[in-house]
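Worksheet for the structure shown next.
Each chain carries a letter (A, B, C and D) given by its place in the written order, and its residues are counted from 1.
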Amino acid sequence: MADEKKLAAYICKGCGLGDRLDTPQLMTIAEREGKCQVVKEHDFLCSAEGVAMIRADIESDGVTHVAICACSRRAKVEAFNFNNVAVSRGNLREGVIWSQPDTEERREVTQEMADDYVRMACAEIKAMRVPEPNPNHGSNKRILIVGGGISGMTAALESAKAGYEVLLVEKTGVLGGWAAKLYKRVPDVEPFDGPVDTGIDALIDVVNGNSKISVHLNSTLSRTSGAPGQFSVDISQESGATITENIGAIIQASGSEVFDATKLDNLGYGKSPDVIDQVQLEELAKAANGGAIKRPSDGKEVTSVAFVQCAGQRNPFDDNMLDYCSGHCCNTAMKQAMYFKDANPEVDTNILYHDLRTPGNGEDFYRSAQQKGVTFTKGFVKDVVVNGSLNVNFKDAILDEVTSMEADLVVLATGQVPNSGVDIEAAAAPVEDEKGDEQTVAAKEEGVSVLNLTYRQGKDLPHLSHGFADSHFICFPYESRRTGIYPCGPVRRPMDISQAIEDATGAALKAIQAVENAELGRAAHPRSGDLSFPSFRKEGCTQCKRCTVECPFGAIDEDEERYPQFNEGRCRRCGTCMGACPVRVISFDNYSVETVGSQLKAVDVPDEFEEKPRVLVLACENDAYPALDMAGMNRREYSAFVRVIPVRCLGSVNTIWVSDAMNSGYDAVLLMGCKRGDEYQCHFVKGSEIAHTRMSKIGDTLEQLNLEAERVQTFEIAITDVDRVPQLIDEAVKMVDEIGMSPFKF
Amino acid sequence: MSNSNAAMVEKYRNNFLKEVEANVEEGDWVKMCMQCGVCAGSCPLGNAWDHPPQEIFMMIRAGKREDVLTSDSMWMCTSCYNCIVRCPRELPITHIMHGLANYAHRLGIAPKMNPTRRFAKIFWDNVTKTGRANELKLSISLYFMDGIVAGIKQGLEMLPMGLDMLKTKRLDPMCLISHTGIKDTKGLHAMLKKAREIEDKRKGLAS
Amino acid sequence: MAKEYSFYPGCSSERKASAVNYMTSVESMCKTLDVKLNEIPDWNCCGASIGYAEGGELPRHSLNARNIALSEKNNPGQDIVATCAACWLGTKETHERLSKSDQLLADTKEALKEAGLDMDYKGEVNIRHMVEVLIEDFGYDELGKPVKKPLEGIKIAGYVGCQTNRPFGVDGESFENPKYLDKLVETMGAEPVEKYDQKVTCCGGALAFSEPEKSQNQIKKIIESAYDHGAEMIVTPCPVCQLNVEVYQGMINKKYGTKFKMPVTYYSQLMAVAYGHNAKESGLDGNIVRATQLEEIACK
Amino acid sequence: MTDVVATNETILVVGGGISGMTAAIEAAECGKNIILLEKSPALGGRVSQLYKYFPKLCFPTCGLEINQRRMKANQRITVLTMAQVEKIEGETGNYNATVKIASRYVNENCTACGACSETVEAEIDNPFNYNMNKIKAAYLPHNMAHPQRYVIDPSIIGTADADKAKEACNYGAIDLDMQEETLNLNVGAIIWATGWKPYDAAKIQPYGYDRYDNVITSVEFERMMDKFGPTGGKLLRPSDGKEAKNIAFIQCAGSRDRNHLTHCSRICCMASLKQATYISEQYGEDAEDAKATIYYIDIRAIDRFEDFFKMVRDKKTVEFVKSKVANIVENQENGNPILHGVNTEGYHRYANEHDLVVLAIGMEPNANIGEVTSGVSTDASGFIQVHEDNGGIFGAGCASNALDVNRAVQNSTASALRAIQVVNKVSGAEA
């Protein structure tokens, strides 16, 4: 059906469009130039009546492609939401009359703007196909969980409770993870006054007893391939046997390891058996089981204990130490001090801290610890001297003196180290010389992979700072860079049990969402619900691999013939591959080199004597375009010589658009994307960055056309740049004024 | 009385916090301090404190018994209660300061010459003698605290004030000879004696 | 129908004591408001804020408990009302402490037995400051009604001080910026200096005797700010505040070369005058720094 | 008359802030039907009033844009603004919620053309800017307002202004006779995402928020940085409109305090660290006279936020003082707040004068669930606890704990699944 097109254009006269613009002329343009079979205008297009008119044309008149020439694509979305038709929006309101002064001298150029936006809207639908769901989508809904700790078990149980089959793989011989090693845990409901049972045994029983959950102990993943709804994994068992399973989505709850305390010999670790970390203290507490805790060296009952916080943590100055804070240690130390106090109030328990970090109701827990006689000292521990007794030397920050305390036992609050597998970026890092090469090989082998993905881009999830497999985003903690694979628990960021439980439950929802979307062949966040997917013409492909390298989500592998192999289920529809392709064989039904290219060509470029320059803006739909909208809403004026085309991501910008623009006589092209670099705000990770690199290379092309380099510029735009974007546009026009019009006008 | 000091040192060897919790008025609140320092900043005579309350609490935990009990910081408390109402942990700081001062005083290791300590004693003796304050005697004994000469000097300095008070009939010379206190002084004294006994017993102080 | 209270005057309110003029004005004020004050027979000193050092804990509480016991015995069912901040605070503190600790209560009763009062202590009374009585049992409107001679045109700074304000304070008032004195001043037809920013600064209390320099430094701030904000007079609810802020002005002037001559009055004096009592009845003769403006109105 | 289709397979989400939107969208993208209630005229909640997020210093409206696009594209979500729950009855899988919808006086015909606002003269306090400036009584709540629809303030109903607004509208969007409505919704599960409110700063008397113009709260400070805020994006202090350069941040303003909120509000340390960067953003990294001083008890930059703490600590323009400020007095001459206190790291007494004081104000839950139904477990601070007694009602975001945005979203996503489990049971899908 995508082939029998029937194009329709609708011109709205509301919101002052009718008064400011010559709409009959717009209709003529849509008809003559836009080649629309149906062209109608309406006083109030978004009204029930107006929308009904359009629906009628779709249902009874067979309209398949609709160009709405009214307000911005961000306005009245619900009203113009038609299923199974291709829709484009000509932005005549925010983009034209609201950004142009209502004056006589500007009337002509304002009309030209509107004319062009109508041409563009028509050209766009002409090049569009109505997207249909991805045909080779998978519909397996089973959820694989990697890791049998509290996070993994919670994720398993919560998924099962929602009615989904679960496969849980645990590398050790038992479920429970770290939580099972604890004597008691910090409370997460009232009263927050003392250690409570972990409840881990009960949880293990429930998991084992749940018919929807099948548990594989002593097992690891030796291969993971496929896509949401159709993953295939090899599970290697201790026995050596390997079984292959099909699943729909993956939750990586591979947890954390404890920091290697042997690096802390200055704190006496390794020098005395009575200097231990928090995990070892839990073992002692378990052994004592409510009775007096005995010290390892001689089994003597502990009468005094010093807790040294931030041991090997919060230390950016030493590469062997952790930069970050593990978050739970303050509460854990208090809990452990209470072990002693509850057994025998006479035991001296002192916690040496830098900043006491007990957010939320942890503050009650803190007070309770003080109530029980746990003492707190803001102090910086220099070292722990072992000579028969243990002497903790520290600077007392309050009394402002270097002093020391003696203790039977010293407990070091060492931190959590994520078990996030191989650092694929480090592994893939380019190497200069032989030596370097060896190093990278070493780096590649360093660390055991958790997922063993067969993805071209590497075996595991990309790491972020400090090796955590976290999402980069604040508002989207589950925006994983491998669609359908969701990390949760301390592999994502340091966290305590309560947060791990919340996190695992959230990850379970995302996994469920992934399989449900996969079945419908739809995109996941951020373009949720998008049915389009990339397809490519094998004939034209030169196997340059740019698409496979640049895909931010590792969605593209290579087949045995080394052609790109698209895993649509893993694709997030950003179009970076399309932008990367030098031979332009990659496209989406509703977004392609054609849909944008034809728009910019549709623009009527006046010859140079008219002294009406044309500046093309390719604007990221998430930041720059909304900023322009809001500029209009707030009546910020900018040059009428600009023509704006929204793009899914600057990563999708193919350089051909720029050279086409130049060839068709535009005087400047501005690319407006979001923030790049370490603190990038691009939801397609590197789109903005890639575009920047590509454009820096386009200089040569311009030279060939002997055009000034400044005619093509890239900007980082934030959605709040409501004043800045108009400025940039005006500056560009001014720049053209100075260097002169493009010679390529016909 | 310093023998009781020795006794306490013996009894609570290097656990000053426990000693304070047991023997000092409201002492069991000390452990609840979180070192925010709002009390230190709230004290009207703050500048006069060698160690502000929050620091004293830290010193107690650190076992600095001598430094705390011989300090005259607590004696700078004017009982304005600013610290109490602002403390985010609701420590009765004013009372703890009073308690520490009193405890040091009872152990006989409070700073001998601290004027507030001495005035406090004079005041207490004055009011408990007859059951009511005799302001004239009070001021006179206050001036002669440091002996006749200093007393006369002080007295002269204060003379204009004294005269003002006399003029406005807010001071009565007759009080020197005929101050009427309460009727049941006998009962009062017995009561106070008993109270002191009980308190000393509780705190293991030899009276 | 008169309101009756069990009255605890305190040492400073005694005949020819430092706050005798406070007492005088309170009596006149109560006369107008038809308040009957039944003095607690044979009441004793509260020990004051300085009592802790020599007195310790239990003896101090015994002193106050004795007064409470005497009140409960002789003025049953009546709230204890004190005019002195220290008396009020000391008694209220003991009352609270004993109600919280059975140990302390038992010990105190054992001590009271020596004074033959152990059976009389029940701890069921309310301990209130006269200001509370005025605000809560009457209210500003009621207090305004008997005003015969509004104190027009006098700018008065309400100096609340510490102990009527902290730690208990007057219900509904803030510790940092209590407004009741301003409201009383307004009710009496005078002009409150609302921006006065030293209204809760400590005057040094008992340390005025033992640490004169430090205290006078405080007092200086209190008076200076009053002048800075255009006050012509300071009003206070506390005898210690009144005494300290008034009598040391001379010495401060000597030491700092200031020219302080700021009258410091009691709220009850303002009220007595406004209610039409003469200067003597209003205790104005007791002010070392003459409150001339009040005297003029009182003579009218 | 609003007509809403709801069944006991529908999930009701109460609160249209980041938490409520997240819960609604995530559940809807799992194929569930959602009714999302918001009591104000537009979605977005408190995050839409923030200038930047910590630790990335990115703009909340960026994520809001994505969430709104997801929502507009999703026909499974019904949004009801100006709506509040009055009563909840029933049990897990079958609740009846009574919902009151206040009159907006503007119907769905509104095209947000702004004609009404241009004609109306009356102005009202602007709630979006914490009443620090005024807006027309016919207004669009803010630039990102969704639904993008104007509101007529009740205060002008019955006045000439209102009639002028009505005449100005060419689309019959203004209905001055619009009546308050009450709906009864039958739903299977309820997500309570009513968020938080800043603790009443006036109650912290020693800091004189009610007495001194130049003592403001962190949420107000946040609005100052916004180009569309009350000061047009400049740090101008209220007393005299002068640029505030030497700014104090007081931590635990209302939090960790038995006289106020006993819990730690978690976000305030990070918020102040973030706001300290605003100063160098406005005046430059090396500005001689621009300075942030942070008065704290403990800096609670937990887990990876430590990196942010370090970044701020290394700035020349930022200083840290370990001290809970005792009180603030005002310099009579210039209106500068003077902070009194003691730096407890070695006992240093200070009386520091600043241009402006920002109170890192505590987070008070806005849960008030007890008012509409009984049996939902809340802690002493009023946060909704995870508890089996809660049945099919789940707290989400800051109604459930003092959370930063990231954790609030995490928690809301979890709550969405808990609600889905309930409605799946109803539909038998989980069997």
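Convention: contacts are C-beta pairs under 8 Å (C-beta built on N, C-alpha and C of every residue); 3 or more make two chains touch, one makes a residue touch a chain.
As the structure is a computational prediction, the values presented were derived from the model and not from experiment.
Asks: For the chain pairs A-D and C-D, which is connected through the larger number of C-beta pairs in contact?
Replies: A-D
Asks: Chain with the smallest distance from its CA centroid to the overall CA centroid?
Replies: Taking the mean of all protein C-alpha atoms as reference, the closest chain is D.
Asks: Once you find the CA centre of subunit C and the CA centre of subunit D, what distance in Å lies between them?
Replies: Each chain reduced to its C-alpha mean, subunit C and subunit D end up 46 Å apart.
Asks: Please report how many Å separate the Cα centroid of subunit A from that of subunit D, as a whole number.
Replies: 24
Asks: How many angstrom lie between the centres of subunit A and subunit B, each centre taken as the mean Cα position?
Replies: 65
Asks: So how far apart, in whole Å, are subunit A and subunit C when each is placed at the average of its C-alpha atoms?
Replies: Using C-alpha averages as centres, the distance is 67 Å.
Asks: Which positions in subunit C touch two or more other chains at once?
Replies: Only 175 qualify.
Asks: Where in subunit D do residues touch at least two different other chains?
Replies: 206, 256, 322, 327, 344, 347
Asks: Would you pick out the residues of subunit A that each touch at least 2 other chains?
Replies: In subunit A, the residues touching two or more other chains are 356, 378, 398-399.
Asks: Building nodes from the protein chains and edges from chain pairs that touch, which of line, ring, star, complete or other describes the result?
Replies: Topology of touching chains reads as other, fitting no named class.
Asks: Touching subunit A in the complex: which residues of subunit B?
Replies: Interface residues on the subunit B side: 15, 17, 31-32, 34-35, 54-55, 58-59, 61-62, 64, 89.
Asks: In the complex of these two chains, what residues of subunit C are touching subunit B?
Replies: 11-12, 14-21, 42-45, 47-59, 61-63, 66, 107-108, 110-117, 162-163, 166-167, 169, 175, 201-202, 204-207, 209-211, 214-215, 218, 247-248, 250-251, 285-288
Asks: Please output the residues of subunit D touching subunit A within their complex, sorted ascending.
Replies: Those residues of subunit D that touch subunit A are 18, 25-27, 29-31, 47, 53, 55-67, 69-70, 72-75, 109, 111-113, 143-144, 148, 170-171, 226-228, 256, 262-266, 298-307, 310, 322, 344-347, 377, 379-381, 383, 385-387, 401-403, 405-407, 409-414, 416-418, 420-421, 424, 429-431.
Asks: State the interface residues of subunit D toward subunit C in the complex, per the touch definition above.
Replies: That would be residues 205-206, 208, 211, 327, 329-330, 332 of subunit D.
Asks: For subunit B, which residues are in contact with subunit C within the complex?
Replies: My answer: residues 25, 44-45, 48, 75-76, 78-82, 84-86, 94-95, 98-99, 101-102, 105-106, 115-121, 123-125, 127-128, 131-133, 135, 139, 142, 157, 160-161, 164-165, 167-172, 174-175, 182-184, 187-188, 190-196, 198-199, 202.
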